[in-house]
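Structures follow.
Across the two complexes that follow, chain A remains constant while its partner is chain B and subsequently chain C.
Up next is the complex of A and B:
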């Protein structure tokens, strides 16, 4: 556990920037390859969320009604003399049988793929002659673009959720642990009640009472709020245990002897000593939020169409017949999997760094 | 949903059918015990609501009770003509005002009592009782007057009509109920609480081909053969041939299909995306079943806007929505924004056709083929809106008073198909050139029905209605006073001239006795509904039926089963 040293605060402030620079580079060197890949994945996905219009090839809700359930298209490298048209090209596909949704390639002309054109990373000249990197869904929407836009919901739900849960968990936990007595008793009994509720059913029940007419953003926030409401109790209990052990440390007693107020002692001494654990726990709990959102959206109670989220993109794959015929609709699941794994690796790594006593 | 398609005497609301799914499973279709025992396993998508044939409003109860209670006259589902039921013959007087029914002498209630003319008169009295809510009554009122009936002897019923009434033989398909059991209950005023779903099945006394023997809520309904049934085949052998039915209640369409594939169901109505799968499996020899294209859906599915003024007036204010939804230009623009081709390709896998009239082309006599569809044309729609004073302001379409156009679109949950149709519709209305805003709200079917015909709290709905062979059976939909006159039900008197015109055409069409002469009345009604866009038609599906190979003489039609008493399992 890192012990906040009783040093001159000015010295500490001066030391921070250089140390931070050094430590970031040092952290990267210390990290294993798995952790580096994880960090890379997460950075990419957060960039998807931050600048979706750039990464997406097309409007995620544009329905190309002549190309439902179109398979991922094949890329071809142009001969050097055609590089002025585009480096890569694909054959346009046309649906040959509406019942079976089979596509035939039209080899008479090529669709060239342009990079950095029209504010997109890569796209084609028109939405009606598209290039589907990952195929299209049953309404003819580009799956890749939808995954990029879906990252907004799926990646942010973890961050926002953790922010709410942890502000609540840390404040309530520290307060309860430090103050003790009746307050502690009440808060902990309340958190036990909450922990004893079967969380997924509770989540379903709460999601069902969200009024139907509200906008996508409000709905998103409500879902996050619901999940946070369920998630804070476990963290608060652990923090409370740590806080009550910190309480009898000499530096806390010293602060108390010097007349520090309760609030000051909690914010200056108790919280900093538990924050390391909290960061690790936060990282490890983000996947829970992402999976929670996916599950709700999959069941139609989360993010509503046409707004994409990785969960509701997967709902088409709930139909085994669709899955057998159009296996690419499972790709959003790969993104969820990568994100969850990345957060877990990163969380493990952070725990090793912050809390060496627990290192394996 | 339609496991075996059936015809209702009045129109019934239906949710748009949910799509089900299949897995690539290898099906081992051994002969099952239930097939050896001549018991047919089929399925219902929800529980029945009542076992009282007069009080039926839902499709499932109707499906069960049509086997337990025989009608006075039945309709041949192949020829769509009336044929004998309890009445073995009937004759119509030359002035067409008296119809005499001669009842069979060998029809018995399950408790052994004979079915007599008294039972028929009692049934009519119950139907006309204003205290008994039922959907049969509107079809049996002629100019608002009841039919007077009497019984010269035990096996003859004479109906006196106030004036000639062509649909009588279809409307007379009423299921007769036993007077010796129900008359005292009716007189005591308890009829509406009799024979609910909690009644022990042995107390349901009918006269049909099957007895109700067991009902476990949420699980199954079991029917067993009535060995005293009056019907015999051409060799004098007792009918029906099947010894019973077990109808599993399966709410999940996904599970239903898988159960069919695994041999737990003997009959199935595949949804468009399953048709190909079933065909492939049959071809590969993995499913030993038949698949047949039996025709076009007889029902309709549509978008409907709420024009009921009661919904919009609150505290002296009238919601501007009422003005949009009664404005023909607005409705026309919306009709031009429905991309039926996309719906057919994307949602129906090509196995559907655009619907123009509210009557199905399957209704060969009354279908009006001359209606011109509103073609998908967003530019034209934008023009219509512009010229009617709906302009674009800051990227939003506003009405002439400056209110932005935004409304709620409801449909029933659990149907990926309805979701997709609504997603396509929403996309077209929200396209930047149109600029409306549509809030999509899928609701539970019962909640939806409650809103649509109970609290009237809705703006726009996408749903369906069953069809009928005789258009007069659609009285509750066409007439301004009808309870399923969805856009503005139960009107004391017609709110618009065209609704008054439809009421008049319904009256006159019912009086004309020559079938061919009746046609123009109903063509005109279809034309008016099409022009006024009271409901905006979407598409009509091709209907398929699939059944196991061992089931013989199973003859599904779009209107229902033909000769269901004849089917049996062939066991080797």
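Up next is the complex of A and C:
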């Protein structure tokens, strides 16, 4: 047994950074190609959220009234002699029929795309002749820029939500499992109520509480809080089961015999032993938060215009006529799909890694 | 079994009270109420507003309103919808029927496809079929219901309305149709929603089936069965499958909540007149009693579904009896 490490925690702390680095590289080597692609996707989307002004080409709420419902523009590679103007170019589109919102390409001149100019990843010289990579919405806002800014809401909702359910679930679950008795009984009855809810129905009913006038950030927090309120019970129950089995382990009994306080045993012994499972469960529960927020925003009960989120960007598609005529408004859905799939792949991989039966 | 049923039904009572109480608190925390919009209208006199307040009990304190509502529920009276001006019970009866049909149909759809595919994929582990189908299952699990619904609407719009309707519960000329044509019209409108809802359920079930069979295939009693000289077919169907179905039935009960939630979204996107869409509209217009009624019926549907799943578990698995299910 590793007694010195138990008694002297400093020994462990000093060893952590190097070990963590090594294990991260090891994890990357062990991961399959799909897991690596998933991790790459998520990193990119989180970078969208972190430095949106850099990735976005234009202001996400600037409305170009001359170009509503503009289709995605085609990219062309310049001939080498034109590379001083720009590597890529596109034909400017002009609206030919304001009623049907059809566009024709103006072949008289080209718009060159400039990389890293004006603090953007790529943009064009003037806002009057913009480049819409993924088209524009019905108010003439750049869909790509809105998706980049929408990542702030959609990517963060999972993290914040998991942070809340995770801490709540771990503390309540470990407490319930370790203390037992009446506390355990009460907490478990309460969690049963929460788990037998038709959660989406409940989410809809609770979303009505959010007052209409508040700012985007408060709204975001309230949505996350409501979803966490509905979602923490499942995690707490599983952790409680694990904690109550940890409780009878010899090392916990030893800690108790040595006079360790209840709080110390929970934080030092019970929580560390269930943390592996909790991380897997957290990763797998992130998609639920993202989907919940998207669904609420799609139905108009979540994040409100003009703040973009991947969910409310899709709300224009609720009209089948819009959907049939401007199919590019579905692109935000692809981003939701990719994010959810990446988290699923990652969670599955982590589960295999933490599962002691196939340890490598 | 009678004791088991009684116990479970009694357990439901505090659960339902808890859930309705939370929803009621939530609805009364909402700033404003259904009448706020009417109050702004100068053509409606204050007397009418006061009269309506009294009619819906909005002038009463919160606790009085809740217990009045609960008393009504005991008499199968869910109150009156403020926006439709008819009893909530009659509104919900029609809508809940549509939602149950949608949920049951998509459940059948996903089971009928997931079980055989799961078996094939597990028996031929690591074959090309296994890889392709497992990957597709992952896609199916990850694609959001509403996104798949949008894709299907797009598909239907391009196919032409004569083939598949992109939304709605029935056609415009529904009332002029004969009985059989009405049925056909309804089914035609259900194809896309059932497909959308079935795909996500199917993917999860297929993965579960696969992992179950793979786990059981290597267990002792399967080896014994093979050693006895039983054919591979009998080993698979009589020994492996019988045991693999157990968690399947358990999961069917737990997936009901997702099914109801998914159904609500698909109803909203495809404009299908179900319980979820009713609830959404009620929440938007702050129609309190309609919200409460929908949440209540949704909860009851879920609890009854879970109960049925537990009873099915006893029927399927000889190792489980009513006393062990009740103890959980």
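What we mean here is this: the second predicted complex is superposed on the first by the 347 of 360 C-alpha atoms of A that agree within 3 Å, B and C clash if a C-alpha of one lies under 4 Å from a C-alpha of the other, contacts with A are read in each partner's own complex, and residues count from 1 in each chain.
The working rule: a residue touches a chain if its C-beta (ideal position, glycine included) is under 8 Å from a C-beta of that chain, and two chains touch if they have at least 3 such contacts.
None of the values given here were measured: they were computed from a predicted structure.
Partners chain B and chain C clash in the overlay (superposition on chain A). Using the contact criterion defined above for the overlaid structures, shared-chain residue A:299 touches chain C, although it does not reach chain B. In the superposition on chain A, A:345 makes contact with chain C only, while chain B stays out of contact range. By the touch criterion defined above, A:61 lies against chain B but remains apart from chain C after alignment on the C-alpha atoms of chain A. Put chain B and chain C next to each other and count what each touches on chain A; the higher total goes to C.
By the touch criterion stated above, A:320 is placed in contact with chain B and with chain C alike.
Of the two partner chains placed by the overlay, neither chain B nor chain C lies in contact with A:263. When both complexes are overlaid on chain A, the residue A:206 reaches chain C alone and has no touch with chain B.
When the shared chain is aligned, chain C comes close enough to touch A:192, but chain B does not. Once the complexes are superposed on chain A, the part of chain B occupying the same space as chain C corresponds, among 19-27, 55-63, 163-171 or 307-315, to 19-27.
Counting contacts as defined above, chain A residues 212, 300, 320, 324 meet chain B in one complex and chain C in the other.
Within the complex formed with chain B, the residues of chain A that make contact are 61, 63, 65-66, 68, 95, 97-101, 138-140, 212-213, 300, 304-306, 319-322, 324. Per the touch definition, chain B reaches chain A in the complex via residues 19, 21-24, 254, 272-277, 339, 341-342, 344-346, 349-351, 408, 413, 416, 419-420, 423-424, 426-427, 439-443.
By the touch criterion stated above, chain C contacts chain A in their complex at residues 14-15, 18-19, 22-23, 26-27, 29-31, 138-139, 141-144, 146-147, 150-151, 153-154, 157-158, 166-167, 257, 260-262, 264-265, 268-269, 276, 279-280, 283-284, 286, 291, 294-295, 298-299, 301-303, 306. Considering their complex, residues 192-193, 196-209, 211-212, 287, 291, 294-295, 298-301, 314, 317-318, 320, 323-324, 327, 330, 333-334, 336-337, 340-341, 344-345 of chain A touch chain C.
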